[in-house]
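Presented sequentially are two complexes of chain A, the first with chain B as partner and the second with chain C.
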Partner chain A sequence: MLALPATLFTATFFLLPVLVLLSEGFKIDDAWSLQGYADFISKPLNQTVFFRTLKLGFLVAGVSSIIGYATAFSIFHLPPKHRGRIFGLVVLPLMISPVARTYAWIVILGRTGIVNDAIVGLGLSNTPIRLLFTETAVFLGLLQLFMPLMIIPLVSAMENLPSDAIAAARVLGANWLQVFLKVILPLTKEGLVIGGTLVFTGSLTAYITPAILGGAKVLMLETLLYQRVNVANDFVSAGIIATILITMSFGANFLFKRIATART
Partner chain B sequence: MRKWISLLIIGLTLTFLIGPFFIIIGAGLSAGENLAFPPDGLSLNWYWAVFKVESFRESFALSLFLAVFGTLTALVLGVPAAYALSRYRIPFAETVKMIVAAPIIVPGIIVGLGLLRYLVIPLDFTVSLALFMAHTALVIPYAVRVVTASLENLRSDIEEAAILLGCTRLGAFVKVVLPNIRGGVLAAFILGFVTSFNQVPVSLFLSGPGVRTLPIDMLAYMEITYDPSVAALSALLAIMSVGIIFLAEKFLGFSRYV
Partner chain C sequence: MKYLIFTVIGAILLIHTAVAAEKKLTISVYSFAQDAYKEALYDPFEAICDCELVIETGNSVERMAKIEANAANPVIDMAVISSHDALALARKGLLKNLDVSKLSSYKDLYEAAKDPLGDNWAVGYTFYASSIVYRSDLVQINSWKDLLSPELAGRVALPNITGTQGPLTLFMLSKALGHRGYGFEETIDTIGANADDIVTFYVRSSQLAQLMNQEEVIAAPVGRFAWSRFSSSPLPFVWATPKEGQTGGMNVMIMTKDNGNEELAYQFMDYWLSVESQTRIANAKIDSPANKNVKISDEVAESLTYGAELIDSLNIISPADIIDNRESWVERWNTKVIK
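On to the complex of A and B.
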């Protein structure tokens, strides 16, 4: 009874409109049809955007897992007194407006930005080169936006490491590499998987970063959806993109959960 | 040696994560007309200019309103749900949890478009009301999660004791439970406020002339103008968020709850 208001509210004002929108992808002129999907898939632009989104999702998740792991491992080795403070600095950006966080990259990568000033100043190029509205810009923006989501679960996974497990492996003759590969990595796998899921789904469904740093040149699924609706009133495509986004988000959640709980 | 490598890695990552804010603050301090870093001379002109932009003032007021009242509504709906989930064996508990958590997983842009197309247009909802609904639903998962965690750390026998001593269920909740979880409720409010205030995708389609949240207004502004005012505004927002979190941490121990 007590849980009813919150459930009904979310179902009515959040989930119901979403479900109706998803159904639009399966309709042509009010009749059920899969023609919309066939048309959608056959367009080269849509294919490019789909694979670009997927690629950036994997790339951001992969790179942030390597940098994030090294960072989390370093934070874990700090004296406990400093650990909390540094961890706080990692989490803090999450509380700041993503628009503000992404805008910084315009200042860094723009025509008169720091990077271009350095390139021209060092004589590497006579004119500023285009860094904004490239996949690299979107990649950097996403990496900065979502990196904390990788580090947080990794640090907490490392804090739950049984401290005697490492000592035991050392006593039994394992070298540091073996300790890392056979003890630390398997025991922190869950953190890696949780972080990977958050970063991957976050990147897939990001709007602000591709909108500001990618523009019309580097469309991702969300910016494509926005463009289809605003430019062409194309609700069939909108429904299809929405279905793809939701399927991929839930799919990643489900799949990664299976990996995390699988026995090694 | 290992220690130095560790410190180097942390230093590089923090530079990547936090460095851009200093660049934003610096770019906003420019005395010139163009967005640049290092800035062309120093002045606070652009920081003052932000307050003179009419649309920024209006959208700030709307964002503030949505963040405060949306989060309060989410708490009114979410606290009872959290109580039910942590104290009773309710039917379909897993389904309820899934529905209530959905706003975190479902991409916001889809929700905004859905609300616009099926609620605002056919049912004559005003855009502001739809925005309010969306921002409330968006915060419910955080409210339920944070408050549930607080409730689970609170022993349920103290409320049983209050009931044995003649309190009603509701009385026991108001007099015994609520004072004990007020830290968690406050933390949920702060987290919800920040989430709602910074939210973009949900509000993207639910914005029209005159009805825009601040982040959407900033996106629209930077499409037409390339001056340091958005940098100055971004810096002010970042400083505001850091200030809120700093105070919440100092007086509440915010990080214990979230």
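On to the complex of A and C.
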């Protein structure tokens, strides 16, 4: 009975605006055309930005899955009373503004920041090295920003592991690597798919972190989109970039699901 | 009879109140310092005009897009904007030629502010100088080309081409490097060749202030309006006086074509340009005055672009040159510098 109003609401206030925005990419002077896409793709800067966004998205998702698995596994094996506290610490950063978290990285990665102090102090370099406004800075910022979104579904997936599955595998002679690859990974793949999709999509669509830590020297698709709209009033490019971002997000979700399915 | 007189007076008052409430002026302004503007300009004007000011804010692109989208039935009566953005609107036929006889303060403006676009499309209401801020204990800046010197490699920031300061920096670097014309091709290529030595291409002066106070950057071009962020720092920042001079720009007032609210718009513009308002705005350190009769203290002047001598000395790139070349600058910048 409520399906119709819900459908109408979603169509009017979500689907329609999205379609209007995306349609801008297919228009040149109010006529339908693919020329905008051809022009966009032909520009070397746009190609660089696309591949950089893709690379950082996969890198952040990949590294966060490795660290996330280790963290989730550790949390899973904690006594219940400690588990809640540690899990709370994982969730805590999500309650802090991304702007504040990202600005903290400016201090940490600066010439006089803790990282450069350590590098110079340990004799790894005579002078501070430039970390800000590099891909490394953007990667670290995104990794820290989205790591909780990987850990939370993994912890949740591990809590659904049969309590004796790991012990049974060990009794049957599996080493820890085999336990992970043959038991834990297949049984927690849903958490990995959800976490991977969230982290990858979040990295693609993040604006504040690439804008502050990368600036104009490390443009990503989101910061390029902002530039095209707010500087050039270029809604054709904005529509194209939005379409690319949405396609990449759906594509990543499809890919992660296929990888998870292929392993079983 | 007595009741009739009271009834008539009451009716007149009611009608007057209704008319006053209907008097509205919609203005489009930059979103910065709006609290200070309210105190220095909007509230005093509302008190004397018996009208309501509707303030619309946003960045230039958003505000220009709104004026263009509502050209047939303007929703904005009056706007303040950069001189080159005003020219872009004028070329699209969206602006009204001002009748400057309705601006009593017009005669008091600096010459450069009187008709900056020609045909009275606009009047200037504020100037800003731009030069280089640097750490005097670490480096000496004598020329704009020092920004690309080996001594500053890895410690200098430049404004991005997409902001107001970007083209001004290109203009002065071109002058210093001996390049001619407004295409800035050679200058952009030179910056591109040195891109790895430039910490970042900043967008906002607040971002630059943080980087310089954090000692990440020790020299960068910046507008005088941001100088207070540096002068109040414990670090020894100095405002450079390069041998090629300082650059700068002007923001202007414009009126939309056929808005139907011209008289009130003129009244507001005149009030804004008056000595009284411009002095209040200057003392609040929001904008530098374009009215040459404004007198301010040395302490306030330190934060602003003040005085005929300074304003006349500024190297200003014409709005037409910015509009005609901006797209090609961004295109080349994206290819050669951002890559």
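Everything below uses one rule, namely that the second predicted complex is superposed on the first by the 226 of 264 C-alpha atoms of A that agree within 3 Å, B and C clash if a C-alpha of one lies under 4 Å from a C-alpha of the other, contacts with A are read in each partner's own complex, and residues count from 1 in each chain.
We take it that a contact is a pair of C-beta atoms (placed from the backbone, for glycine too) under 8 Å apart; a residue touches a chain by one contact, two chains touch by 3 or more.
All values reported here derive from a predicted model rather than from experimental measurement.
Trainee: Per the contact definition in the header, classify A:Leu219: touching chain B only (first), chain C only (second), both, or neither.
Mentor: second
Trainee: Between chain B and chain C, whom does A:Gln227 touch in the aligned arrangement: first, second, both, or neither?
Mentor: second
Trainee: Would you check which partner chain A:Phe14 touches, where first means chain B only, second means chain C only, and both and neither mean what they say?
Mentor: In the superposed model, A:Phe14 contacts chain B only, not chain C.
Trainee: Going by the contact rule set out at the top, does A:Leu132 touch chain B (first), chain C (second), both, or neither?
Mentor: The second partner, chain C, only.
Trainee: Which partner does A:Thr112 reach: the first (chain B), the second (chain C), both, or neither?
Mentor: A:Thr112 sits against chain B and chain C alike.
Trainee: Counting residues of chain A touched by each partner, does chain B or chain C come out ahead?
Mentor: B
Trainee: Identify the partner contact of A:Pro93: answer first if only chain B is touched, second if only chain C is, both if each is, neither if none is.
Mentor: first
Trainee: Please work out whether A:Thr71 is in contact with chain B alone, chain C alone, both, or neither, and reply first, second, both or neither.
Mentor: first
Trainee: Which chain A residues lie in the overlap of the chain B contact set and the chain C contact set?
Mentor: Chain A residues touching both partners: 106-107, 110, 112, 212, 229.
Trainee: Enumerate the contact residues on chain B facing chain A in the complex.
Mentor: Its residues touching chain A are 2-3, 5-7, 9-10, 13-14, 16-18, 20-21, 23-24, 27, 34-37, 77-78, 80-81, 83-85, 88, 90, 96, 99-100, 102-103, 105-111, 113-115, 117-119, 133-134, 136-138, 140, 144, 194, 197-198, 200-201, 204-205, 215, 218-219, 222, 230-231, 233-235, 237-238, 241-242, 244-245, 249, 255.
Trainee: State the interface residues of chain A toward chain C in the complex, per the touch definition above.
Mentor: Touch list, chain A to chain C: 43-45, 48, 106-107, 110-112, 130, 132-133, 212, 215-217, 219, 227, 229-233.
Trainee: Under the touch definition given earlier, write down the residues of chain C that touch chain A in their complex.
Mentor: Listed in rising order, the residues of chain C that touch chain A are 59, 61-62, 64-65, 154, 160, 162, 195, 198-203, 207, 210-211, 214-216, 327, 330, 334-335, 338-339.
Trainee: Which chain A residues qualify as touching chain B in the complex?
Mentor: Touch list, chain A to chain B: 1-3, 5-7, 9-11, 13-18, 20-21, 67, 70-71, 73-75, 77-78, 84, 86, 88-93, 95-101, 103-108, 110, 112-114, 143-144, 147-148, 151, 201, 205, 207-208, 211-212, 222, 225-226, 229, 235, 238, 242, 245-246, 249-250, 253.
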